[in-house]
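What follows is a set of notes on a single structure, which appears directly below.
For reference, chains read A, B, C and D in written order, and residue numbers begin at 1 within each chain.
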Amino acid sequence: MKKIILLFLFLPFLGISQSGKVMDNLSVVSKILGMERKYAVYLPPDYYTSERSYPVLYLLHGAGDDHTGWVQFGEVLQITDKAIADGKSTPMIIIMPDADTKVRGYFNSPDNAWKYEDFFFDELIPEVEKKFRIKASKRFRAIAGLSMGGGGSFMYALHRPDMFSAACPLSAYTGPLSMEAFKAQLANRNMAGTEAQLEAYYAKHSATELVKTLPAADLKKVRWFIDCGDDDFLFEGNALMHIALKKAEIPHEYRVRQGGHTWTYWRESLPEVLGFVSLGFHQF
Amino acid sequence: MKKIILLFLFLPFLGISQSGKVMDNLSVVSKILGMERKYAVYLPPDYYTSERSYPVLYLLHGAGDDHTGWVQFGEVLQITDKAIADGKSTPMIIIMPDADTKVRGYFNSPDNAWKYEDFFFDELIPEVEKKFRIKASKRFRAIAGLSMGGGGSFMYALHRPDMFSAACPLSAYTGPLSMEAFKAQLANRNMAGTEAQLEAYYAKHSATELVKTLPAADLKKVRWFIDCGDDDFLFEGNALMHIALKKAEIPHEYRVRQGGHTWTYWRESLPEVLGFVSLGFHQF
Amino acid sequence: MKKIILLFLFLPFLGISQSGKVMDNLSVVSKILGMERKYAVYLPPDYYTSERSYPVLYLLHGAGDDHTGWVQFGEVLQITDKAIADGKSTPMIIIMPDADTKVRGYFNSPDNAWKYEDFFFDELIPEVEKKFRIKASKRFRAIAGLSMGGGGSFMYALHRPDMFSAACPLSAYTGPLSMEAFKAQLANRNMAGTEAQLEAYYAKHSATELVKTLPAADLKKVRWFIDCGDDDFLFEGNALMHIALKKAEIPHEYRVRQGGHTWTYWRESLPEVLGFVSLGFHQF
Amino acid sequence: MKKIILLFLFLPFLGISQSGKVMDNLSVVSKILGMERKYAVYLPPDYYTSERSYPVLYLLHGAGDDHTGWVQFGEVLQITDKAIADGKSTPMIIIMPDADTKVRGYFNSPDNAWKYEDFFFDELIPEVEKKFRIKASKRFRAIAGLSMGGGGSFMYALHRPDMFSAACPLSAYTGPLSMEAFKAQLANRNMAGTEAQLEAYYAKHSATELVKTLPAADLKKVRWFIDCGDDDFLFEGNALMHIALKKAEIPHEYRVRQGGHTWTYWRESLPEVLGFVSLGFHQF
C-alpha cells in the first residue's frame, strides 16, 4: 500500500513528460461584460518540467457549444500531444474561450450591448498571456475555430491583423454574403440596432466584403488556412473567400476534403491547423 | 511434398497478378477525322491470365500533351497496379486517347471542321470496347482527365450522361464563365464560325451554364468527382461548379488539396479517381 | 520433375513483373573509332511486359574501369529496381558505355586520333535509342557518371546542352583548374598535339573555364546535380564549380556527404541521381 | 505480486528519463559588459534523477535572434531528447547565450568598447560550469552555432583551441574573405577603430586568413564539422574553408545538403552536430 502511494508520487513526473494537460474550468472576471467568463486551456507536455515560454493558439468553438467543445468533442489533448510527438507541431499553449454563442457570440453587437470582441482583446488575451508562460507577441499568436468560431477567426484576424500571425477558419461562417442577405437574416437573429449600426455591423462582419475594402497590405499580414468540407452547408462563403482572396492576390491555403459540418471533420483538420501555425512559429 | 509443388505451380499466377501492362503506341483509323489517331491503354494485372471482361476508364491528357502523358508523367501503371493491389481500385482497363490538343482538342469545332467529340463516341469507344474485353455499358464506363482533359470529362459527361457512370475532372478547364468571357477569348483561339455557331458552342461548352440549362435528372445520372489544387490557376471555374452543383442539389464530390497545376498533384489525385469510379463499378 | 519444369516456364513472367534486367556484354560497331565498343544496359521491370517507350540515363564509369562497373560495383539493378518500386524513380532505361578509360577516355584527343565524344553522340546514342524503346529527345535524356565519368557528364552536357535535360557528375574530375595546371599535367598524360590543339582542348575541357565562357542561357538548359564526398581527393574542382555556378546564377544542386572516392559513396548517390533526373522526366 | 510493485516503482524513473528540461530565462550579471545577459539551458533527461556531471555544448544563435532561438525555432528539447533516446547523442548540457547580435555580436569590437568574447570566456563559461554539473574541461566542451553564431563557433575555437574539443559552424559567416572585402563592409557596420585596430580585427576574424596564419598543430586540436546548404547565401566562405582546411591537411567534416539559410535546415543539422560532438565526448 505504501509502495503504491510512492508510485503515485512519482507518476506525475512520468505523466508530464509524455502528455500535455487540459483544464476546462478556468475563468476570467470581465468588467466589460459584467460577468465571469469560462475558458479551457491546453498546456504542452513539457510545460511543468521546463521553464520556457510558448506560442499560443486561440481555438474557438461553434454556435451552441462552449469552451469544453474542443476538449470533449475535439480531443484537443490527444491530437495535440500526438502532433507534437510526431514533430508535426511545435509545443504551444491553446486557449479555448467560452463565447456563449447560444445567445450572443464572438462579436460586439450592433448596439454595443454585448462587447465580446472587446472582452477578447482587452481582458482575455492580457490575462491568459500573463497567467501562462506565453510569448505575448503577434509572431507567436494564432487563431483558429470552427463554424461560428471560424467566423470569429476570420473577423478577429481581419479586424486586428497586427495581433495574429496566422488564422485558420474551419467550416467557417463567413458572415452575410450581401447586404440583402444580411437584412433577410436580421429577423431571425438577436440584433437590435439602428439602421446605421446595422450597416456598420455588416461592413465589419462580412468576410467577402472586408476582402474588398481592407488594404491588401493588411490582409497579407496574416497567414490564412481556410478549410471546409464538400458536404458542409457553409460551402459557399468559404469557396467565395477562396475566389476573393485569389483575385486580391492574398496568399492563402484552401482545403476541401470529404465531409460535412461535423466533429469528425474538425478532428481531422486540427493536426493540419497545428502544423500550419507551427510553420510560422518555427520561422520555416 | 506434393502440396509444395502445387504451391509453386500457383506462384506464377500470383506473380503475374502484380503487374499490369501499358501500351503507348496503339491507334485507330478515323473516317470522321480523316486520319489515324493514337491512344495508350492500361490493362490490369490479371488481364492475360483471366478470361473476364472489365470496366473501363477513359483518361484524358491536358493541352500541349498527348496520349503518352498519363503513362510517362502520370505513372498510370505503377499507381493503378498499387491501387488494385491495395484493394482501393477494382481491376479496370484505362484508355488514354490523343486529342492533339496542341492544335484542336476534345470538342467539335464551332464550324464542325474538326469533329473530335464525334470521333470519340462513334469511332474510338466502339473500337476499343471491341478490341479489349471491356464491359460496354454506361454502368461500367467512367471518364476522367486533367486541365483541358478535365474540360473534356465535364463536357462528355454533361453531353452524354447516358454514357458514363462517373466523371472526374481534375484541375479542369470548365469552359468560359460567361458569354462575355467567351467573346474575349475568341480572338486567341482557333475558332472559326458564324455568330450563331459560336453562341451554340458557348451554350454547349460552359460547364456552369450547362448546370443551369440541363435537367437536374440528367445531371444526377453521373457521379461527379471534382478536384482542383488551391494554387491552381483554374481555381475559379471549379469552385463555381461546386457552388452551382450544390445549389442545384446535384450530389458531387469536391476536393481541394495543397498544390497547383502540376503532375505532382495529379499523381496524388489518380488513386482517388480510381477509388471513386471503383465505388460505382463495385455497386458500393 | 515435369511439374518443376512447368514452374520454370512460368517463372519468367513472375520475375519480369518485379525485377528489371541488366545485360553487360552488348556492343556497337564504331566506324569513327574503327573498332567494336561494349556497353551495358538496364531495362526497367515492366520493359518486357509493356509496350511503351522510356526515358534514358547514360551512366558513365570512372578511370580504370569499364561498362560493367555500374553493374558489378554500382549494383545498378538492385538500386534502380528499389528506387522504382519505392516511387522515387520513374522507370527508365540506363545505358552504360565502355570508354576504355585505361588508355583514352570520354573525349576526343587534342590531335583527334581518338574521337570517343564523336562516337558517343553520332554512333552510340543513335544505335541504342533505336535498339531499345527510348524516348529519343532531350527532355527524356540525362547523363551521370563518376570520377572521369563525372568529367564526361560535365563536358557532354556543357558541350551539348541541347541533348540532355539533366547532368549528374559524381565525384567528378572537373578538368584542369587553370592553364598552368593543365600544362603541368600534360607530361603525365597521353596527350599528343600542337600548342594550339592543347589550348583549344583546355578551353573545351575545363569545367570552371566553361562556366565563364559559355552563355548563361546555355548553362541553364541543363538541370545540374553535383555530388562529391568531403574526403574525396577531387573536392576542390567540385567546390569551385559550386561557387562558379552560384556566381553565374546557374541553378544547380550541390551535395557533400561523409565519404571519399568510393563505390560505397556512389551507391548512396545513385538513388538521388535517379530521383533527380526523374523529377525532370516527370515534369514535376 | 511483489515483483509487479517493484516494476511500478521503477517506472517513474523510466518515465523521467524520456524528457529533458529547458529554461529560457536565466541570466548572468556581467562586469565586463556592465549589464545582465540572458541565456537558455537544456538539461538532459537524467539530470535531476542522477548525480553525475555532463559534457557541455555551447550553441549560438544567429543575427537578429536571441537565446530563445534554439528553444523555439530549433526545437532543441525535442531533438536532443530524441537523439539521446536513439543513442545518437550522449546526455549533455546545452548552453544558449544571448549575444545581442541585433546591435553588437559575439566578438570584441575593434575599439574594445564591446567585449562579448571576453564576457563569454571569463564570465559566462565559469558561471554556468559552476551552476550546472558540467565537466569543466576542453575534452568535454564543444561549440556550435548558426550564421553569425557559426562565425562565433569558428572564431572562438580558432582563438581558443585549448578550450573546445569540437566546433560545428552551421551556415556560418566565416568573416571577410579578404582585406578588401572587409574594408568594403566597414561602412555598413558599427565598427569604430583606428586603422591598426581594424587590421588587427581582420587578421583575427577572417576564418580563411586564420587557417593560413595559425599553426597547423593548433588547428588540429579541434574536431571540425562544417555544414552549409547549397542554397545558402553564405556558400562561398564555407566552400573555401573546406578547400583551405584540405590544403592545410586539417581533418574536418564538411556537409552540403539541399537547403538554404533556414531553421528547417538547422533542425536537420542539430542531430548531426549532437552525434559529432558525442563521438568526441565518447572517445570513439
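The rule is short, and it goes like this: a residue touches a chain if its C-beta (ideal position, glycine included) is under 8 Å from a C-beta of that chain, and two chains touch if they have at least 3 such contacts.
Quantities reported herein were computed from a predicted structural model and do not represent experimental measurements.
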Going only through chains that touch each other, what is the minimum step count from chain A to chain C? 2
So the chain most remote from chain D by C-alpha centre is B
When contacts are scored as defined above, which chain pair ends up with more C-beta pairs, A-D or C-D? A-D
Please state whether the interface between chain B and chain C is built from the same residues or different ones, using more than half shared residue numbers as the mark of same. different
Where chain B and chain D are represented by their mean Cα positions, the distance between them in whole Å: 57
Averaging over Cα atoms per chain, report the distance between chain C and chain D in Å. 40
On the basis of the stated criterion, which chains touch which? Give every pair. A-B, A-D, B-C, C-D
How about chain A: which of its residues touch chain B in the complex? 230, 235-236, 239-240, 242-243, 246, 252-258
Where on chain B is chain C touching in the complex? 5, 8-9, 11-16, 18-19, 21-25, 40, 45, 68, 71-73, 75, 77-78, 262-264, 267
Chain C residues touching chain B in their complex are 3-4, 6-7, 10-11, 13-18, 45-46, 49-53, 55, 84, 87, 90-91, 135, 140, 281-284
